[in-house]
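Order of writing sets the chain letters: A, B and C. Residues in each chain are counted from 1.
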Amino acid sequence: MNGLEVKALTKSYGATTVLDGVDLTVPAGGLTAVIGRSGGGKTTMLRLIAGFDRADSGSIRIGDHPADGLPPERRRIGYVTQEGSLFPHLTVAGNITFGLGWRDRRRQSRVGELLELVGLGQAYRKRQPHQLSGGEQQRVALARALARRPDLVLLDEPFSALDATLRGTTRRAVRAALAATGTTTVLVTHDQDEALSIADRVALLRDGRMVQEGTPMDVYRAPVDPAVAAFLGTVCSLDATLDGDEADTVLGRLGTPLRAYGKGMVLIRPEQIVPAADGLAAIVEGVAFHGHDGLLTLRAKDATLVARWAGHLLPRPGDEVRIAVEGSAIASFPDTVG
Amino acid sequence: MRRSLAALAAATAAALLAVAGCSSGSDSASATTKADKPTLVLYNAQHEDVGKAWADGFTKATGIKVDVRNGSDFEMANQIVAEGKASPADVFITENSPAMSLLSSKSLFAPVDAATKAQVPARYASSAGDWVGVAARSTVYAYHTGAPMPKSILDLAKPEWKGKFGISPSGADFQAIVSAVYAVEGDAAATTWLKGIKTNGKIYRGNTAILQAVNAGQVQGGVIYHYYWFNDQADGGKNSNNTKLEYFGHQDPGAFVSVSGGGVLKSSKHQAEAQQFLAYMSGKTGQEMLSAGTAMEYSVGNNVPANPKLTPLDQLDSPNVDLNTLNGPKVISEMQQVGLL
Amino acid sequence: MISRVAAAGTVRYPPLRLALAAVVGLLSLVPLGYVVASVASAGSGIGDLLWRPRVGVLLVHTVLVVGLGSAGSVLVGGAAAYLVERTGLPGRRVWTAVLAAPLAVPAFVISFGWSSWQPGFAGLLPCVLVSTLAYYPLVFLPVAAALRGLDPAVEEAARALGDGPVRTFFRTVVPRLRPAAIGGALLVALHLLAEFGAIQQLRYDTFTTAIYDQYQSTFDGSGASALAGVLVLLCLLVLGGEAGLAGRRRTARIGGGAARVKTARTNRFRYAAPLPLTVIVVASLGVPAGVVVWWLVTSTSTAFPAALLARTAGSTVLLSAAGAAITTALALPVAWLVERRRGLAPKLIERAGYVGNSLPGIVVALALITIAIRYVPSLYQSTAMLLAAYSVLFLPLAVVSLRASLRHIPPELDDVARSLGLRPAGVLWRVTVPLVARGAGAGAALVFLAVMTELTATLLLAPIGTNTLATQFWSYSSELHYGAAAPFALLMIVLAAPATLLLTRRA
């Protein structure tokens, strides 16, 4: 059974088409990250699934029930926003039990269990939202969303307002809580690292259409076009002569995912370019140092290459290095003109 | 937060209930007394204390309760016209007769009981027999002691009086005096006079304010009714000790005696009680409250002499004016055109 | 991504809230409709009533009082705010409360104080003086709040760029105070257009007092409607002028600002400041209070009719509380729609509220009376009618306060609450209402004060036998029974004080 099925969803605001026939299927219990640039329609899609807005056409099925036409309060969803949106007039416990019945609110049923689920201690019960850090607020927001045992949890950029350190721990805590409850989840984000690291599946939304959907590894390693490839991480593009399943490039002959012939281009990830004593000579033009690793701009035979090397291996600008490619190209494209 | 919210809600509810209780209070009171006696509604354009004294006296004498709504002559007269058949008023009393004539001309009064009419001389009652006088007041010129005074109220329109005297044109009192000038002098002469008054007079709000200004010497004199002066004298004269009164006499329009009228509304559902109240006000008890009380207005009832401190009405040599010819709306409109309103 | 408002609230309006707000908006338009209809029905006769010298005189008078009174309020209120906030004056909090206190004293009590003390105190300049003394807090509070909230970094930047302290003040501080000052001036101007008691007492004529005179002579005659029509045009002019001056920014009204930055600034006016401030306080509070007490002690007409005082105070408080509660409740859907939904409907509804607010009480009362007599006789002379008039008159006071607090509530909270199983009504009750409680309290306090000191609508609409402190005071003081009037004035000030204190605390 699927946790969420979205079919041919369209939505326009005035003359602007925001969603143009979007399909999305999330397996029950799975976490699918919907990624795309700002303005690509991610949030609109989430709001349509939640029922805050109405689609112009298309259908939405949550769990085992069709959701079309239902108001948000009857869709059995949980919703976590960018800022957490805790109710400022209620304590943590009041927030968590907000969606429960009157009796459960008084007894504060399940507060302890839910706090534990999101990795917070019992001491948090009586705190006010403004006494919590951003990460804690997001955990409480998730606990609140999970309190009603929703069929589907919608996360709208829940980590983007957090600083780098908090983001990592909060992400892990949220992932763990969702996995523990086995709740079907849609995560909307513009952060590809986030999507790749915590999602079971990744769906890429661009200009109101779903461009690609698959496991993080598939999508990262086999993007459907250069734009998708670039969106998911830095790429290094090489002019190539395509020759069936392989291509000839400045770095030698590489395997390609698609069969094609003639002049074209192949993409590789920078981390595929490694130091090799017997490799191609290249001049280091620039080094962007990130501590654990760094991005090198290299020049070899009139081609500009980008490589990612571990921190301790990084050369200095002006050095000559010898390089080789590991693995196959992640994408290849014949020149469209030809 | 929660608790304060609940408190707010409770306070609101309590306030609403209380207000509802207030507003229905008079209804329920009248409902409980309906079995025996109704509650009358008096539209009172007379001075609040005069109207209240009559209402209280009547309630004491008969057990019939009277609710009083206070206002001014034309305000209430026009209000009754607007209310029409739905008017809550049973009885209407004014300070001056033009507002009574207005209702009379619209046939909104019920005929006055013959016995009541017999209590008041005909010259102080409607010739149509639908209202009677309940009090009277004389026009006077109050002047700062030593200041010159005009021979006639008509003189005040002459250039030499510019800026020397005060009037209160927004009040029904002065409007009644103007209507007398129209009745005595004719339209053309009266309008010319009114323009002069507009040019010459200093505007005050209310007769007391005029008297106070005259007493303080801010203005030489002013056109008011007599009882403002007598009232202040009775109170110690703080606003009148430096002033004297001139009764114009000689049947000058400025010697006009204005009659306060009382009538029963045709639309009243309590005709008998309303007539009873009117009879009380114009009768011996009601009139003696005027002559013996502190109001200093003239009593008009037969055989009830005025307060002994006042110059008797028959010595004032006032002009003969048919009260029903005093045309309130026309005077208002003329005053609007001249710019006094 | 679409902007926040549009994302949270799209085109759809919650039908119940829209309907409620629309009803409120229509109610606000009743007086305007009445004025238009009666001017139209009077036909050519209206020309005679309008094209006469008297109207010209009234126009000049009204413009003078409104213009000079607003200017005076900006000067006095702005200077007081500067002295309190920027000189390092000791006892800042106390000064703030004391300087805001004239809000608790109706303008007609201030004019009563001055004119009964100095009988010659009448005419234009006294009107301007009393207007300024009565209404400068409407400028003082927002400007002081704005001064407190200004980011000092901007001034520091100007100093670093080479400007001296005076130049810095005029180049960086004054421009940022503009919205607050203009917003306050608008409130003052609208109050003065509708001001009746003080101006009547000071024997000056404006449209509002002239309308009252017309009413006294003709009840609902066309003369009053004609003058009211001109007054409406003046109101629209003022509203338009404010929009032009301030653009769309309407920041820092009463209770708006938050004290973000606390900087103890000191300058050479520190010890001189109390002198002008004392003059302001003595003129606006000392004189009226002193004169009221003086009349209490010395006047022959002084009386303490305990039963009457208690009954009048009781009905005043009840009417004010009920008026405040109802008006605030009616304002909630309007404020919600305006803050949360785009489109024409919310804007129109809010503007309609301003129209009702800018009309004098007497016009609103006349409109309601006329309609009640003709169409709903059962409401005629009822408390409900009076409360409806208060709502029409004072709705914007509550809407402004509610909008300010609604603005601070992220719209996502509504969405989250919906996702947690609440229907829209539940969201309103469990999320919106608790969060706007403070703003609602401030709005209710403003309405409470306004109702308590309301005069003309109450005079016309109060059910038989219902008097308020204001009307009772008015009836005694216009008969010059100062001693009898004094206890009512005193009670009014005492009862208004807590609500005023509440407002200054927030500011």
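Observations
The criterion applied here is as follows: contacts are C-beta pairs under 8 Å (C-beta built on N, C-alpha and C of every residue); 3 or more make two chains touch, one makes a residue touch a chain.
Since we're looking at a predicted model, the values are computed, not measured.
Once CA atoms are averaged chain by chain and compared with the all-protein CA average, the nearest chain turns out to be C. Averaging Cα atoms per chain gives one point for each, and the point farthest from that of chain C is the centre of A. Chain B and chain C have CA centres that are 35 Å apart. If each chain is reduced to the centroid of its CA atoms, chain A and chain B end up 86 Å from each other. If each chain is reduced to the centroid of its CA atoms, chain A and chain C end up 53 Å from each other. Across the assembly, chain B contributes residues 1 that each touch 2 or more other chains.
Across the assembly, chain A contributes 89 as residues in contact with two or more other chains. For chain C, the set of residues touching two or more other chains reads 434. On chain B, the positions that touch chain C within their shared complex are 1-2, 4-5, 8, 11-12, 15-16, 18-20, 22-23, 26, 41, 48, 67-70, 72, 74-79, 81-84, 86, 88, 170-172, 175, 203-206, 208-209, 212-213, 216, 218, 235-236, 238-239, 329, 332, 335-337, 339, 341. On the side of chain A, the complex with chain C involves touching residues 13, 18, 38-39, 43-44, 47, 50-54, 71-75, 77-79, 81, 83, 85, 87-89, 98-99, 141, 144-145, 147-148, 154. Residues 1-2, 6-8, 10, 12, 410, 412-413, 415-423, 430-431, 434-435 of chain C are the ones touching chain A in the complex. Residues 48-49, 52-54, 57, 119-120, 200-201, 203, 205, 210, 213-221, 223, 300-301, 315, 318-319, 321-322, 325-326, 369-370, 373, 377, 380-384, 387, 433-434, 437, 440-441, 463-466, 475, 478-480 of chain C are the ones that touch chain B when the two sit in their complex.
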